[in-house]
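After this come two complexes, each holding subunit A, first together with subunit B and then together with subunit C.
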Partner chain A sequence: MTYVADVGALARKDLLLELRARDTLPAMLLFVVSVFVVFHFTLPAHSSDLAASGLLWVAILFTALLGLGRAFVAEREQRVLDGLVLAPCDRSAIWLAKGIATLAFLVAAEIVALPVFALFFHGVSAATVGGIALADVGICGVGTFLGAMAVATRARDLLLPLLFLPLAIPIVVGGVGASTAASPGRYLGFLVLYDALFCVLCWASFEYVVTE
Partner chain B sequence: MIVARKLGKRFGDKRVLRNVDLDVPRGGFAVVTGANGSGKTTLLRMCAGLARPSEGELEVAVGRAAIGYLAHEPLVYRELTALENLDLYGRLYRVPERRERTGMLLERFGLWQARHDRVASYSRGMTQRLALCRVLLHDPSLLILDEPYAALDEQGAALLDDQLAELRGVRTFLVSTHDPARVERFATTRLALA
Partner chain C sequence: MTHARAQFVPVSRLPRISLPALAGSSLVLVTLALTLIFFVVPNDANQGFSQRIFYFHVSIAITAYACFAWGAWKALRHLWKHDPRADLESYVAVHQGLIFGTLVLATGSIWAKISWGHWWLWSEDQLVLFLVLFLFYAAYFMLRFSVDPGPQQANFSAVYALFGVVLIPVSFAAIRLAKNLIHPVVFTLHGPNFGGWILVTYCVAQAAMLVFAYTLYRVELAGKRLDARLRELRLA
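Our next item is the complex of A and B:
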């Protein structure tokens, strides 16, 4: 129970910080809507729905990257991560809480983004929504882990995309498959497997990322 | 409480600490002095568990739940209020009667009136006072204080003097300072880093 309470306190803090500073979610919203507008005008008329589905995943991935890049900004500015690392709670609680907060921002951005996508391109199927939900978990789990790694380096703005994008390729494969395949079940299963595997790995190894 | 033997630390090719021996008994008050870049902060970070020695041995007899670490930075969120910051740390450290303890510390360090203000609006001295509240919140048995008087005005420094006098002998201290005269009366161990 104390672990859950620690995660709750840390996640609540992240949500409160965003409510005060408002520097992540508005940027994500503006970005994802702008990307759809740009795609709307750059895609040739009568382009296939398949192409539009691919663009949806590109937009989601880069919107998530925007949020992940800002995930540890508050901790970096005042070196607060040292304070959290010193606290006697399980250090994986920091990762889990940050991941939950980032997931909340991403889901909020997608709640706006999906209707906009449907307006500009085509409707969104239940399988696509399911795929996005599963992909969000993987994106936030892996991305938060890599964000914590990157924040300790000078080249953090460069490092995060370089580390994250290769690891996100399976998510894109699973997500696009779930959006476009006639039977999306195995792609959704693939995303579940990815989430389970990578989230357990990140959870177990986060301690080594935040300690020297 | 703290025993260090031939302690050393390197960052890549740069050696920032070499052959440091230190014994701080339980209830002791160790004062670390030295010029800028002599490795004071690195030594304190190692004792707090935030950095690992590259050479030698270091034993700290208590776990991180019993350590209060004051860093150069206050380790508090600028967009949260003093109360919110202390509440967060109080939860993570499982402080019993968290609200009462938070209120008592804010009152003692003269921050009660500003408890609902965001830390971003605090002066440097007020932020340092809040950092001291954070350090003392869980009543640690080992206090590691890196330049605790930095940014404090005379009133704030006097408050800290009172706190150190009250806890001297009851808690163990490892304090780095550029002004050793200020804490000389408390000191039981002295370490000058070259």
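Our next item is the complex of A and C:
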């Protein structure tokens, strides 16, 4: 049970920090709404609803990247990560807690973004919401992991999108399929498979990212 | 085969084929494969002479997969057994894989132009998969070279290389899900969809490409090890 308690304490720390400093979430919200407005002008007049559904996924991916890029900034600037690695808890708890906190920010941003999308473009189906929920888990799991790596490199913020986008292509395939196909079942199943595979891989190998 | 034995014999005690012997055998095999491809095997009934690019394209693609898999295996050895040589071996294997992957994109693009009239087809799943892999492994190099050499660089590279072998089947499934199929399926569950000289030529071409890739891998490894040794001596 101590593992759960560790994860809870670490995630609570991130959520509290955000609640007090309000660094990430307002930026994500403003970004996603701005992206929608840009999309309106990039789509040619009378383009189909399908095009807008596809662009929704671009918006989600880039909004998530914005949040993920900020995820380990506090740890880097204040050298918290060294302390966390020395703490007597399993290292994967650091990843899990950070992933949960990032997921909370992303979901909060989407709770605002999806109604705005419905207002600007077209309604959102239940399968799309399901697809987004499943994709969020994969995005935050893999993204947090890569964020922890990127923050330790010289290139830092530059590197995260480069590392993340090739790994996000399957998520986009599953997500766009879930929101546009007539029978979204197998796309949702694929997203579950992706989440399971990559979260287990991240969970098992996070130790090697923070220790030498 | 050295690759198969590596699982049972510790790497340090692996009997190594000498580099000149390896280079010689790859020269012989490549010459044999080229002879078979251009002079022995008959023209394809549908695609004519141009179908011969199949022997290059497919054998290069399989070789690229083999390189990525070998790189991931070495990455696993680095993380799991802390084998001190595995990091460099994993990096060199991924490097060779990226080179062969670029060749897959080039030959696939040429073949697509000849067969279907377009340089790029999003409906051709192997080509799209290699594009994803190309982006992924190009990012591997960005990652590796923005970390200072040392245990952290080795760990990051190893973990990312492991992500690669999981990404290959997942992307493949994703691309299959996303598209309609026009890629010629040469291998089915009922075995290869051809016989006779075509099969022989393909097998020789595949063997030649694998031995050639292994030779390049060993040459690059020898060069990199020499570099590292020189740097050590200079610092000492």
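Definition applied: the second predicted complex is superposed on the first by the 212 of 212 C-alpha atoms of A that agree within 3 Å, B and C clash if a C-alpha of one lies under 4 Å from a C-alpha of the other, contacts with A are read in each partner's own complex, and residues count from 1 in each chain.
Heads up, the rule we're going with is that a contact is a pair of C-beta atoms (placed from the backbone, for glycine too) under 8 Å apart; a residue touches a chain by one contact, two chains touch by 3 or more.
Everything quoted here is computed from the prediction, not taken from an experiment.
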{"item": "Partner chain(s) touched by A:L165 [first = subunit B, second = subunit C, both, neither]", "value": "second"}
{"item": "Partner chain in contact with A:A74 - subunit B first, subunit C second, else both or neither", "value": "first"}
{"item": "Which superposed partner A:G174 touches (first subunit B, second subunit C, both, neither)", "value": "second"}
{"item": "Partner chain(s) touched by A:P88 [first = subunit B, second = subunit C, both, neither]", "value": "first"}
{"item": "Touching partner for A:H46 - first (subunit B), second (subunit C), both, neither", "value": "neither"}
{"item": "Partner chain(s) touched by A:V209 [first = subunit B, second = subunit C, both, neither]", "value": "second"}
{"item": "Which superposed partner A:A5 touches (first subunit B, second subunit C, both, neither)", "value": "first"}
{"item": "Contacts of A:R186 with subunit B and subunit C, given as first, second, both or neither", "value": "second"}
{"item": "Touching both subunit C and subunit B, counted on subunit A across the two superposed complexes", "value": "211-212"}
{"item": "Subunit B residues touching subunit A - in the complex, by the definition given at the top", "value": "48-52, 63-65, 67, 69, 71, 73-80, 84, 88-89, 91-94, 118, 134"}
{"item": "Footprint of subunit B on subunit A - complex, ascending", "value": "2, 5-6, 9-10, 13, 16-17, 20-21, 74, 77-80, 82-89, 211-212"}
{"item": "Residues of subunit A defined as touching subunit C within the complex", "value": "149-150, 152-155, 159, 162-163, 165-167, 169-170, 173-174, 176-177, 186-187, 190, 193-194, 197-198, 201, 205, 208-209, 211-212"}
{"item": "Interface residues, subunit C side, partner subunit A - complex", "value": "79, 132-133, 135-136, 138-139, 142-143, 146-148, 150-152, 155-156, 158-160, 162-163, 166-167, 170-171, 173-175, 177-178"}
